[in-house]
Amino acid sequence: MFSVTVRDHMMIAHSLRGEVFGPAQRLHGATYVVEATFRRAELDGDGVVVDIGRAGEELRAVLAELDYRNLDDEPSLSGLNTTTEALAGHIGDRLAERVRAGALGQAAQELDGLVVTLHESPVASASYEREL
Amino acid sequence: MFSVTVRDHMMIAHSLRGEVFGPAQRLHGATYVVEATFRRAELDGDGVVVDIGRAGEELRAVLAELDYRNLDDEPSLSGLNTTTEALAGHIGDRLAERVRAGALGQAAQELDGLVVTLHESPVASASYEREL
Amino acid sequence: MFSVTVRDHMMIAHSLRGEVFGPAQRLHGATYVVEATFRRAELDGDGVVVDIGRAGEELRAVLAELDYRNLDDEPSLSGLNTTTEALAGHIGDRLAERVRAGALGQAAQELDGLVVTLHESPVASASYEREL
Amino acid sequence: MFSVTVRDHMMIAHSLRGEVFGPAQRLHGATYVVEATFRRAELDGDGVVVDIGRAGEELRAVLAELDYRNLDDEPSLSGLNTTTEALAGHIGDRLAERVRAGALGQAAQELDGLVVTLHESPVASASYEREL
Amino acid sequence: MFSVTVRDHMMIAHSLRGEVFGPAQRLHGATYVVEATFRRAELDGDGVVVDIGRAGEELRAVLAELDYRNLDDEPSLSGLNTTTEALAGHIGDRLAERVRAGALGQAAQELDGLVVTLHESPVASASYEREL
Amino acid sequence: MFSVTVRDHMMIAHSLRGEVFGPAQRLHGATYVVEATFRRAELDGDGVVVDIGRAGEELRAVLAELDYRNLDDEPSLSGLNTTTEALAGHIGDRLAERVRAGALGQAAQELDGLVVTLHESPVASASYEREL
């Protein structure tokens, strides 16, 4: 099994709903360092899992929808409690849609799965893993 | 599948038993950077795998039992060769006991597993993975 | 010349005023990883620049005034364009006030200077250096 | 399940074949930070997955075959498009050969698998995972 | 004194001239993680040392002249032994030229100095510091 | 001004004397990640500050005197309260002795100064800077 991982980041504001979140119920923010890993059983004819340049562009495109924004006001996240876990899930599903729509080329249809990890601080991160 | 990871560290002295360990048979020490990852198939009603604040507190509580100590003298580790692997196992099992005892709340009973990783230096680390 | 550095972080929301800031004029946020370095010509009688534990507590106290907040609404930052540079200056001056007020003990009066660095992302940071 | 990871690096020149690689078709280079992870269900009698010192030496031996070289001229890589993924595969297979030949001792015959990860830059990496 | 630092990277091939370099006399390569720090006594009217976005673009422009290339064949480096130190000097001087030519705007004329650091591996880096 | 930095680490046990150190008065330990920076106004004829390979060997030789040891029992540290600051000073002075004795070659006699930094954990470090 092979995989490639690309990394980028976004800087957002948001607040969390629920007493469990304590001070994070207030409007605050985060720099999320985001890693997207694409998995595949065998390499393609070029010797890659996926074109790493295009993978980075797709991750950037998904993050650009959220970057430099207050997530509490984002229609695309309406109703979502934007925890780090939930954002990992949202980003992973958006990447999966793009892969299925051909954004990473025909060969990427053979990808087996992806993992999205968001690092919110040096001491906390969350991941979401799904099939493709 | 979702996961959250919290990170902390401890500073301990110890020695290892067995010729295979060479100079590490002498009393020396380590700063262990410790990551604990909690896994779960679906997010709970608050949109989390586990309350990340409480997860960090539980990890701190387990590390506090060892932090700033000479592990060679710790009754709780009696008979254990405190390799990085073995310490990862010990910490993982201690965290699992606490989760089962309710330390992370009722929802945490639905956790599927955990992984504990100890980084002993920039060039070496060890992990232990188990079900919950 | 000796120095000690302590590190912590805070998660804030804010917006920047001025066309130069482009999309950062929108309400967004950041995880700031903050380092505070204390400098001194010679070590004190205990062999330290400053009690590293108390240094960390003072940094935490200063960051707690801003952590999990929308800086646009903070009275203490009124009128300040909260760029990374300006926040480094604000935090450095707040630490200096505390040192002069004795928060790090009498010996800390012999500190020569401090540096505060804020990392806003893996690709950008800012620092402020001042005498004590 | 337990694992240990050792880390080293190598500095190589190479070029990639295929239009998909854009400017990377030119002769360029990389510092590859390489991690090798060895997995095993249970610890051995010494309390380890594998002798971490010997694991590091084996990784070094494999990297030494490529370090400070132009991979385009390496007979051992003849015909291979030396993408990061393909190099992870090559290094993983070379490590596996050595383990089977006894380089990590008799106990290492009980290893279940290994993972090799190559970090080519702060924003891109690739991994290869196989059984042992 | 204030400063801002931006970070980027480049991937190059080169060889070094001189017996002191041992195996690095062979054609090999490196991923250089490059930091450029700009220093200034006081912040400008926007509260910044320099527009951090433009600073990043200027660093990218300078690195693009070398990225994905074999430095042994670069006319602009003709006669230069491209050690990490010498490359830091080259990049620092190129950035200084651009600042003086107005690439960072009029306010940047008040910059006091810059530092360029190249990390060639996890265990080695070099810096060059100059006035502006 | 140019500089080169090499990095290594050591794993030691020790205890600190003085109530200010709280739990660190107990026998514990640390992995110290150690950076040594050598400074020089101009590069030598090979285009370097110092032979980076030899610099790394000298740092290793100095750390080998302490590595995998209980510093409380080290005759060479007798009477020293082995705080991170004091160890940075000790290592810096040992490196300076070696440079003056010619360990880095004749050209290294033109070095202007050195800085030694010890990272004791992800949240604390100490530095010592001196002339050569």
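The first chain written gets the first letter, and so on, giving A, B, C, D, E and F; residue counts start at 1 in each chain.
The criterion applied here is as follows: contacts are C-beta pairs under 8 Å (C-beta built on N, C-alpha and C of every residue); 3 or more make two chains touch, one makes a residue touch a chain.
Just so it is clear, the model here is predicted, and its values are computed rather than measured.
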| item | value |
| --- | --- |
| Minimum number of chain-to-chain touching steps separating chain D from chain F | 2 |
| Between the pairs C-E and B-F, the one where more C-beta pairs touch | B-F |
| Chain C on chain D, rotation in degrees - Cα superposition, rounded to nearest 5 | 180 |
| Type of chain A:chain B copy interface by residue overlap (half), same or different | different |
| For chain E paired with chain F, centre-to-centre distance based on mean C-alpha positions, whole Å | 27 |
| Whole-Å separation of chain centres (CA-atom averages), chain B against chain C | 31 |
| Contacts with two or more other chains, residues of chain B listed in rising order | 7, 122-123 |
| In the complex with chain F, residue positions of chain C that touch it | 1-8, 43, 46-49, 51-53, 56 |
| Chain E - residues contacting chain D, complex | 7, 9, 11-14, 23-24, 26-33, 67-70, 120-123 |
| Residues of chain F touching chain C in the complex | 18, 20-22, 80-86, 88-89, 122-130 |
